[in-house]
Amino acid sequence: MLDKNLYYEVKNPSPLQLVWQDLRANPISTATLYILGALLIISIFGPLLAPYGSNEQFIDAVSLPPAWSDQGDMRFLLGTDALGRDMVSRLMHGARYTFGLPMLAVIIAALVGCSLGAISAVNVGVKSSTVKHLLDVLLSIPSLLLALVIIAVIGPGLSNAILAIALVFIPQFLHITKNAIADEQKQPYVLASRLNGVDNRYLFFSVLLPNIIKAIVMHLTIALSAAILDIAALGFLGLGAQAPAPEWGAMLAQSLEVAYNSPWVMALPGLALFVTLISVNILGESIRSALDKRLGS
Amino acid sequence: MTTKHFLCSVSLIVVGLVTGCNRALPPEAEGVLYCAEGNPEAFNPQLVTSGTTLDMTSSQLFDRLIEYNESSREFESSLAEHWSVSEDNLRYRFKLREDVPFHSTDFFHPTRNLNAQDVVFTFNRWLKPEHPYHEISGGQYPFFTATRLDQLIREVSATSSHEVEITLREPDSSLLSILASSFAVIMSAEYGQQLLNQGEPQQFDLEPIGTGPFKFSHFRKDVALNYVRHDEYWKGPAASENLVFRIAPNDHKRMLMLLTQDCDISPYPPARDIAWLDEREDIHLQTSMSPNTAFWAFNTDKAPFNDIKVRQALAHAIDRDALISAVYFDHAVRADSILPNTSWAHSPTPEAFRYDPQRARELLDEAGYGSGFTMDVWALPVQRAYNPNARLMAELIQSNLNDIGVNVNIVSYEWSSFRRSLAEGAHDSVLIGWSADHADPDNFFRPLLTCAAKASGNNRAMWCNEIFDNLVTNAIRSIDRPTRESFYHQAQDILAQEVPVVPLAHSIRFQASRDYIQGLQPPAYGGINLRSVSKVAEIERGEP
Amino acid sequence: MLIDIRNLSIFADTPQGEVRVLDRVSLQIAEGEIHTLVGESGSGKSLVARAIMGFVNPNWRIQADRLWFKGTDLLNLTAKQRREIIGVDIAMIFQDAARYLDPNTTIREQLKEAILDEDVKATFWTRSKAKDEYARNLLLKMGVKNYEQVLASYPFELSDGAAQKVMIATAIAHRPHLLIADEPTTAMEPLTRAQIYRLLAQLHQRFKMSILVITQDLNTIMQETDRITTIYCGQIMETGHKNTMLTKPLHPYTDALNYTSLVQTENLKPRDRLKTLPGIEPTLQNMPKGCRLGPRCRYARQNCIMRPEITNLKEHSYYCHHPIREFENSKNKGENS
Amino acid sequence: MSRVIIRQLSLLLITLFLISLLSFSMSYWFPGDPVTNASGIPIDHPRYEEVFEKRGFDSNIAHQYISYLRSLFEGDWGQSMQDNSEIWDELSLRLPATLELTVIALAIALCIGPPLGIIAAKYYRKPIDQVIAFISLAGYSVPVFWLAQVTILIFAVVLDVVPIAGQINPLFDVPAVSGSILIDIALSDIDHKWIAFQNAFLHIVLPAIVLATAPCVLLVRFTRASAIHVLQQKFVKGAYARGLSTAEVMFKHAIPNTMQPVTRQLSTAFSVLVTNVLITEVIFSWPGLGNWLVRSIYERDFPVIQHGLLVLASIILTVNVFANILQAWRYPQVRQEFYAR
């Protein structure tokens, strides 16, 4: 009667695979994946894909509404701005500034911050909760304000804004990694691994890392959305990208003067920003709920 | 059930609050709202050159000895009842009115009316370095330095209690024009003395006292400047009880504020909005051909702009016709000389500033900059009559210059710091301009391009040319118009050759106001006068 | 019958599809009886309690021929009717009592919440005071001497035993007819455990309260239990009197459970094999067909892939194709013949 | 409790010390002369020598820091490099204006955010929850500067319901005493105060709502997540088992417990609010600290930047610490955790 085959082990995919499956199973998060993928491609190849240059001016086509309106022109699908620049091209060029660069900045910040956090957590350990508490309080200062401090010191400009944002997010990642590792180190399974006699390297990469990945991934999406918003806000305030760079925040700031006459010039960069941000946020939310479901909270 | 009732009452209260709040004003808050483009630099026109400050201070707070009547093209009496000139054109006598009271406010109660002491006090402030107020507020009197009036006047003296004599070192044909300009206002000597006694002379330029139609009430930086009516004004009280200048640096914002009735008068509406503003029933649009010139000045102290060839190349590189259509929406004419086309001394030199990128490249090659270079273009941050959108203009120039291999950074600051940095010569080149303060053509040469103007920090090109200086000085010393005209033509030829500045456009000055505003005159020279402006009574504002 | 459940099934919605977590459970509890429901963790015994209390997860589907309390159908109650029964006529105490109390409210307030206005005879303004008094008495009845201190505490400041006593106090505030005790003593020290069971027994005696005790193993069973029901993987295995169940079970599962208890192992000789069940419990997604004990049952035959029907003896019933006595009997028979 | 307060306040002191250190060292990081960067007195100014000595620049760095602190407490915050106005005077008018806007926006966010979050959690995965969750996610993704412009176009320009700039129609002769317009009206001696209040209300309503959006949706999200978690907790079941009605369970147990983490997150919402107030003030020409700070960064007016950032950061830190104290005061469990550490 004892058929061994009856007791087959369930073949479970790894938790991260499960998260991926969950994301793909949800149509909305799949859509955001596609949108962000498209944005990434545009950020990289935008200048090649765009029909015109970002600052190419068509004197004969100033302030044209989008193509579907009566005064529209098929050459300019989303219309032109007050200088006769094609909105489609500008938006496509702008994706690099408003999506690509913040993403790069966040990834760099994450790499640096997580490495530093891991090093400090493994080597120093968190002995004092006061330091943790102190960092908690200090990190409550919003990223834009810190970026403003840095920009105040090194001066306005796109490269400075990106630098400022990368710098601002490093301590956040550091803090999160350090805390996550410190929390995990208290877990019994780490003790078990230690008792098994694994070395520090293995302990970190094979035991700790898979378990802190949740905290880091979740913070990545939060940081990306904050970074995009900050870059755009700095561009809007004239402290980030400078005219005529087609950064969406800067475009928005410049479009204000024609907002009443040619509202599409104002609406489009804002809409692009909105779609990007909501995609990042929905993706973050989906990843968070999938992780919660799979890895336990 | 109770929750429902609660929600109902809350929403009722909210709706009631919003609908109950109309924007009607109580009677004591009636007045005119004028949207100004920036903060006034000081409440003393002597200290400034910016039209913004002039608009907000000069004609509102003060009076001048004489005024220039646009329509009759003649000088008229103002504080001076009448005046006379000596045979040698060196002595001017002004007989003052006796019934001109100064403002009486919380901080100053005048004990006497205007007399000759006040005129002497006011003129000596910028004339004599030993005057107690000379060094107050920086000690710079740019307009008077630029017009060399401080060199020209030997003495200002009171010949009787109500008579003043101005003695010149040499004849000058523009003196009356200058005295009629918005800068030559008369202030109270008694107030100056009172502040000296109190040890607070710096208040003199912060809480002004004058004889004008409005009194200073209070000023909050970046928010608003409040004036109240001067009821004893010698020409009769102003039409409006209150006059408020709201500070709104953004032209688009100002236009929207006009639409939402947050402003009653908005100077310099954006050129792109002129067409449809004109079509609106509730907006009244006024124009005037006030003489002005927008120009692009190179800092000739800096390399490579000290090289004539580079300047000529840059002049040929830009398409001014395109600028006029894109920036001015054709509400301007192309400028081919620094002097406006309405002036009798106008002598255009279109060839010097022709759009010719090919020629520009050749000139750059000759100058040794064939591979191009990078330069800053400073774009003035506010809208002026001569330039409604310098930033847009800078972007167009940027793309023009890109074609000849010159990279451009666009620089812009808040207005007052912008002007200060300009005076220090921190710029490579700047898009700025000049509106006439008075009718004499001299106004476009000596205050702008002479060595004296450079010293006073008003020469945006930092350009100093002796031949040019001699020509304009000779022009001002002659009384005879044909002689002056020939001098001015020569001066304009030098400018076309040397290109310290590229003239861009003479624009039409616009002024928009709500339909319920009456008595508003489009200004000709210098600052606007708002004395006769008021709201039409009995009109239900905001209601159809 | 106080509680009469017939063929109660609960279907849970999982990512792998709908799973029948309770399979046609029938259970009767008479008035004044102490009934123990025994099963391993995950066997669905708590689900029975939750079904009675109406704590239903949104992704559950419940199906029953009958779910009656004193003749009232618990499945078709309005929210208002349910309130009148739950917490009044039926009360429940839980394992891990401290977590069933609001951590941010004092014991005093939570205890007073459980006391209805009818329980104290007082006017509006003396009511709070009267409830205070009532709460104190309740705790005293639970054998809590330092009641003032307990009343002022927050749940996380109490020991396990004290928290459980508070829990019981809130449960019996209006002397319910049925008290459901869901693993009330798991993870407690043996002394505390005995205390709690003694308390329950006292309540049973003093107020003629029926008690449904839900527990994991027969070791911790209450001495005063009248009847025992065993449940495995959402299926009822056997129901009967305590004595029969402990000494002469008919179902192989009850038998296996018995062997895990000390009482039974005392009689083992050295090096005897323990009569435990081989294998492990199946996961929720891979429930065996028919009798769910099948793959782990020593006596299983081919027909065990069909769900066995109930066999009712006197005061005893079981669900098995091959009950032990019968099996042994037949074996004996075979030897005899 | 007093231990918690002392601990939190000492934490605040340490962080404020760090922030002041940061602010102090900014004079050195900024390009140009540190004395000028700190005081706004240019190097060729007659008072330069005096300031140089007063700020301890003739001595070592520690002395300079102490002098810096002393001038901070004396209210000698230097002057703006742009218009030479005293920073302290300007700040004392602008900060109340900012706080006024911030407090009103925070109040709006608090009145709308948490209730919506709780409603969403109560109807978790039902349509009403999905609508609220989507709106909150969308609201979280709308850049405030865009939202502000769109609302201005709709409500002020097209519908003409509200004005678009400033605190009040400047024709009302309300002297700026405190900087906060509502207080100023109350203090002023003008007639028709009620009309002035209405006018000020109309001016503040749009910026306040725009400003409230981000913290509001943030609070919706926090509250929703927290309430979903709480509603799954065993004590909710326990409360039901005690015979409480749904309303009683929600209001007596679920909501207070939901607010426990949300109280902590108030400081996050406040940070977001402060970030957005910088932008909102610029757009609505609100004469507050944010407007001033942004312009001074633009103009590189270092003394203003230095002190403006110091003030904003201090406010955020203070609010953060007070949120901690509030949480510990209201929630014994949190207190316990603080003690345990």
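We just call them A, B, C and D in the order they show up, numbering each chain from 1.
As a working rule, contacts are C-beta pairs under 8 Å (C-beta built on N, C-alpha and C of every residue); 3 or more make two chains touch, one makes a residue touch a chain.
Being a predicted model, the structure only gives us computed values, none of them experimental.
Set side by side, A-D and A-B show the greater C-beta contact count at A-D.
A summary of chain positions shows that the Cα centroid lying nearest the centre of all protein Cα atoms is that of chain D. Once the centre of each chain is set as its mean CA position, subunit A and subunit D turn out to be 25 Å apart. With centres set at the average Cα position, the gap from subunit A to subunit C is 51 Å. The mean-CA centres of subunit A and subunit B are about 48 angstrom from one another, to the nearest whole unit. Centroids built from CA atoms put subunit C at 91 Å from subunit B. Shown for subunit D are the residues in touch with two or more other chains, namely 157, 298. Under the contact definition stated at the top, the residues of subunit B that touch 2 or more other chains are 256. The set of subunit A residues that touch two or more partner chains comprises 256, 259-260. The part of subunit A that touches subunit D in the complex is made up of residues 129-130, 133-134, 137-138, 140-145, 148-149, 151-153, 155-156, 225, 229, 232-233, 236-239, 249, 252-253, 256, 259-260, 263, 266, 270, 273-274, 277-278, 280-282, 285. Looking at the complex, you find that subunit D touches subunit C at residues 125, 233-235, 237-246, 248, 252-253, 256-257, 260, 330-333, 336. Against subunit A, the residues of subunit B that register as touching in their complex are 250-252, 255-256, 270, 272-273, 276, 322, 325-326, 389, 391-392, 395-396, 398-399, 409-410. Looking at the complex, you find that subunit D touches subunit A at residues 11-12, 14-15, 18, 22, 26, 29-30, 137-138, 140-146, 149-150, 153, 157, 267-268, 271-272, 274-275, 278-279, 282, 293-294, 297-298, 300, 302, 305, 309, 312-313, 316-317, 320-321, 341. Residues of subunit D touching subunit B in their complex: 82-83, 85, 90, 93, 152, 156-157, 160-161, 163-167, 169-173, 175-176, 190-192, 195-196, 198-199, 201-202, 205, 285, 287, 291-292, 295, 298-299, 301.
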